[in-house]
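Each structure below is given as structure tokens.
Shared chain: chain A. Partners: chain B in the first complex, chain C in the second.
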Partner chain A sequence: MERLDNKLGMLNALPIFFVLMLSFLAPLIVVAAFSVMPQKVFSLFNAPDFSAYMTIVEQGYWRSLVWSLGMAFASTAVLFILCWPLAFAMAKVFGRFTLILTIAVVVSLFVSENIRLFGWILTLMKGGLIEGHLRALFGTEMDGVLYNVPVIVFGLVYVYFPFMLFPLAQGISMVPDDARQAATDLGASRWRILWEIDLPLAAPGIVVGSLLSFVLAAGALAESKLLGGQVVIVMADEVETAFTYGQDWPLGSALSMVLIAIIGTLAIFGVSKVDLDRIMGRKR
Partner chain B sequence: MDMKPVLRLKNIVKRFGEFVALHGIDLDIEDGEFLTIVGPSGSGKTTLIRLLVGMDNPTEGEIWLRDKRIDTVPANARPTCMVFQSLALFPHRSVGENIEFPLKIRGVSKTKRKQRALELLELLRLPEHYYSKRINQCSGGERQRVALARALAFDPEILFFDEPLSALDYRLRKTLEKELKDLHERTGKTFVYITHSLEEAMVMSDRIAIMRSGRLEQVTDAEGIYARPVSRFVAEFMGEVNLFDIEGTAQGSVRSKGVEVHVNGANGDNGVDLAPGETATLMVRPEFVRFLKSTETNDFVVKGLLRAEYALGSRMQYLVEAADGSHLTVEKLREDRYTGAIGDEVVLGWDIDHTHFIRGD
Partner chain C sequence: MKLTRREFNLGLAGTSGLALLGASGPARAARNNEMNILCWEGYNTDEVLQPFRQAHPGASVKAESGTSDPDMINKLRAGEVNVWDLINLNQPWARGQLYPEKLIKPLNKDRFMPYFEKMSPDFAAPYPLAFADNGDLIGMPQRYGPFSFVVNTDKISREMAEDQGWNLFLDPAMKGRYGVLTYDNWNIIHMCLTGGLDPFKPVEGADLDTFRATADAIFGGAKLLTDDLVAMNLALINGEIDAYFTGGTYTASPARYDGATNVRGITPNSGPVDGKGGVVWIELTSAVNNPNPSDLAEEFLEFVQTPDICKAVAFAEGTYNPISQMGNEEVMAKFDSDELDAIQWDSLGEEMSRSLDYQVVASYDKLNELYNAAKRG
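Right, the complex of A and B next:
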């Protein structure tokens, strides 16, 4: 009987398994295959060489990689510091207000990312909402604050805010109140409780939130293009260019593979570092 | 020998908006005693202990720990600590790390911490290798001991307990009650325990404080609570009891309103000191009520019909219906069990020495 149950589980999983194979894994395999094709071919039926990877090394694409990862890291760090108090309040303090806040944040996702970023451009540009008002009211002349690295990081923080906030709130809600109270009772200060109780017990939420925002930010394109005006070129930008203007599919694929490899390694490392089950007290 | 109380509560009032949770509690807790605060849910005992540990502040009144007023001192700055109902062990820390937590906060060195943790494991009769065990590998009773060890590592002036045994099964609870009493004797610390189970309180405590809707109803030792309750509430809270409304008569005897209570030897020297017309409640515990043989008599006598018999393990319980339809409970050891049959007409009697008069409600 138990054997049949196991089999039924397998059988039930089969349809989604095939869908995932086709929609998720197959494109990845195609990209991986293209990345080892000779330069500027549009067919997979060529003798593989690694010339695309050589190009990446030789032509200084590492700069884009560093910018992508650096800004992803910066935005993740900012997001964590920004979201922690809010997530804490959502999980432990706000009560019913949490729902309103959740809806408000989720509703913002209904509007396309690009449109929201254009909104920020209109707000921040020279002659835009802020600068224009200041000029009209005080007669001060100044530049807009667009087209620099901090504003790109700001854009990343803005766009990926929910991806940090909700996992964090989820993680914090798993910190038992009585453990915090007991720690206070045993003499721990607020900061000590944060360090000894909150952070370790909310770790699953922290890891999930950080990974989501880091991975998304590292592959982000619109922020640097729109807000940053391509003051720096990020990895996703290079990939797009290679596939479109460059008409060099193998190069685009190789660039993608490099990004996937780095982010994938980080993600696996992050998840394995924090044993989710152990932290939840599930594993014996 | 007059000992200064370690903790003194002066007219503690706690209000939550309109609701008054505590109506002016006055209580002195003696150094080294085991005091249990007992009350049904909603009586305010949890509110009270939260004030005592510092998780909440009283609306009015003062709390003095020896010569220091502490009612506004936050929990983490008080030299007291509590064993939580949920135990509140840290799931991400090992047994040893849990026990060492208060020492770590105080900045005690690693080796000293470990040494103390091992001592405490021994004190609580947990094997040494539990030091590195995870909390979720421990059974309910073991967790209980870890929580105790952690609290003792804090070395508190007073150790509070918020019903830590309530989630355990009966047998384990009985064992741990005795262990706790034993631990109290060995450590000499002041224990303040809250529970809704008076039985638990009776086993462990030096003194028992009964709480009822935000007030302390009676504070005395187990014997006093059991034999001389100040109110019907306390009498009934302590388990099975027979209560009659009575009134003093001119002959220095009593007259019962509902149940027929015959008082023999009513010569003014029977220990009944009710003034004529004064009302009170007569209380007698079921184990002091006897089935009288036709030749016997007693200070108090009630006639009735035997309605039911229940086996309570070592004892038998009988339900007797009196003439007016009210019920009496009688308990006998098995060896003294009533030999007749259900439906028998029986005569119950008891001594004046086992009778207590409750004045007021």
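Right, the complex of A and C next:
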């Protein structure tokens, strides 16, 4: 009876399963197929060659890849260090204040990313909110702090803050207070509790938060364009250029595939290391 | 959870119903009750579309603005020829790609040739690049503008900038004092001119090395790169930079209309191609080769050439631009002195005479490769 039930359930789910597969996978399959087409063609009806991938290797696109992944890594690390104390407080200390904090962080997402970044331009540029005030108060003229790599990382940290904060708070809330208290009773130092209790038990939240921020930051474009003045060219920028000004869809697709492959591998590796069912609350 | 036979059948029935609904396909409206235009910002504003909608009650008139010529072309290539009736692009794309690939179709010459007579002298001849090689009329010109570079005249005088021309950006004293507006197709043209090359003829051999060196030098000395003209103007006004590579009336006019008249588009006094160093863009609005065409398309093309709508197109939100119909006194009377100053009307004639027509870049693919390598650093 149970087997029949399973079968019926599967049959029932089959149509929607196909619709979802089609809508998730079809665009990816088209991109993957275009990536092996000869360069500068606009149709999939060509004999595949891998010239677009060769171009990526030959023309130094690795630089953009390294910048994208490097800045994504840096911003994820900064986010983790920045969010940990706040997430800890949200999960264990603040009580009702957590709700207010959550709303405050979520509300910032209601405003478009580009507009928020433009706000930072007006704040940080020469003659902007900060430098303009300093000049008016002290009469010293300084350069703005825009158009460099650290300010891009700052932009990434700012934009992806909620994506690290909430999973981390969720992860930390799963650490039982009893375990921490028992460790204290047994004479463990604060660092030891952090290292041996908090971090391992909050690992699912850490992994989810880090993956979300890393994946989003690796594909980010607006921060390097607006705040960074394209002082470095990121991978998403290369993809956009190939599809638009380059009119080279296969090259754009191949660049996307490289990024998808790297990030996909990292994501699968990360997810396989933690028990996601726990954070979803399905297992206790 | 147990799944009963009744629930399973219900699910099955629901799915079949949805499938049937999908198979029935969309109901097709008569295309003469519909007109869709894919355009640069301006034609999609209420000032332009609302009067046309009122003149054609019941018709669905929609416009979508693109962010670059190639973006819009991609839409047609991806199968949206069925969707759009008109496309508004800078002129080389129509001649170089859209018409040869049959993505656009010729306009009715009897209907549109008379419009050229009332245009500014530069276009009244009529404007040769509105025609395909076989003489077909492939689009109507309206907005245009000289497009070379922009300076803050409080820091670099107009005379000096015009005399120095593109060499301004190779001057070691300018290192870190200018930005590059990343309109890539334009930068490729301008970097050729900076290197003393003709961008519209094949660039080969040692000339490719010259281009590479020029691109390296321009990107190497740039303080910032952005494709956002507002961010660039802001940097210019606030003194982050004193000039930007690639720009003109189109990019300077919003700042000028806001009162920052020290932001000025510059056309070099001289250059490597027939003594000219500037370039001018001219938009053409063309009829998309829609298999199910709408009569409203050509009607809209006539409509945008009436004086009130001409003004609305020239001074739509975003950027402000001269239009070819300003040769008509009725149209000219619609502009006040501030508006004329925003579009640098005082120097427009001489700038046009020093500018080359924006054409198809013969060695675009190769130059684009070198350009992007230089941009990557």
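As a working rule, the second predicted complex is superposed on the first by the 260 of 284 C-alpha atoms of A that agree within 3 Å, B and C clash if a C-alpha of one lies under 4 Å from a C-alpha of the other, contacts with A are read in each partner's own complex, and residues count from 1 in each chain.
Just so we're on the same page, a contact is a pair of C-beta atoms (placed from the backbone, for glycine too) under 8 Å apart; a residue touches a chain by one contact, two chains touch by 3 or more.
Treat the numbers as computed from the prediction; the structure is a model and nothing was measured.
Q: So, A:Val111: does it touch chain B (first), chain C (second), both, or neither?
A: Neither partner.
Q: With both complexes superposed on chain A, which partner does A:Asn12 reach: first (chain B), second (chain C), both or neither?
A: Second partner only, chain C.
Q: Determine, under the contact definition given at the top, whether A:Leu22 touches first (chain B), second (chain C), both, or neither.
A: After superposing on A, A:Leu22 lies clear of both chain B and chain C.
Q: Have a look at where A:Leu44 lands relative to chain B and chain C in the superposition and call it first, second, both or neither.
A: So A:Leu44 meets neither chain B nor chain C here.
Q: Output check: A:Met54 vs chain B and chain C. Expected answer is one of first, second, both, neither. What do you get?
A: Touch status of A:Met54: no partner.
Q: Look at the residues of chain A and decide whether chain B or chain C touches more of them.
A: C
Q: Pick one for A:Leu201: touches chain B only (first), chain C only (second), both, or neither.
A: Only chain B; A:Leu201 stays clear of chain C.
Q: A:Ala33 contacts which: chain B (first), chain C (second), both, neither?
A: neither
Q: Can you give me the overlap between the chain B contact set and the chain C contact set on chain A?
A: The answer is that chain A has no such residue.
Q: So in the complex, which bits of chain A are touching chain B?
A: That would be residues 176, 178-179, 181-189, 192, 196-197, 200-201, 278-284 of chain A.
Q: List the residues on chain A that touch chain C in their complex, please.
A: Within the complex, chain A touches chain C at residues 5, 8-9, 11-12, 15-16, 40, 42, 59-61, 63-64, 118, 121-122, 125-128, 143-144, 146-147, 225-226, 229-233, 238, 241, 243-247.
Q: Can you tell me which positions in chain C touch chain A when the two form their complex?
A: Result: residues 2-3, 5, 7-8, 11-12, 15, 19, 68, 70-71, 73-74, 77, 179, 182, 184-185, 223-228, 231, 234-235, 237-240, 365, 368-369, 372-373, 375-377 of chain C touch chain A.
Q: Of all residues in chain B, which touch chain A in the complex?
A: By the definition above, chain B touches chain A via 53-55, 74-77, 81-82, 84, 86, 88-92, 101-102, 104-106, 134-137, 150-151, 154.
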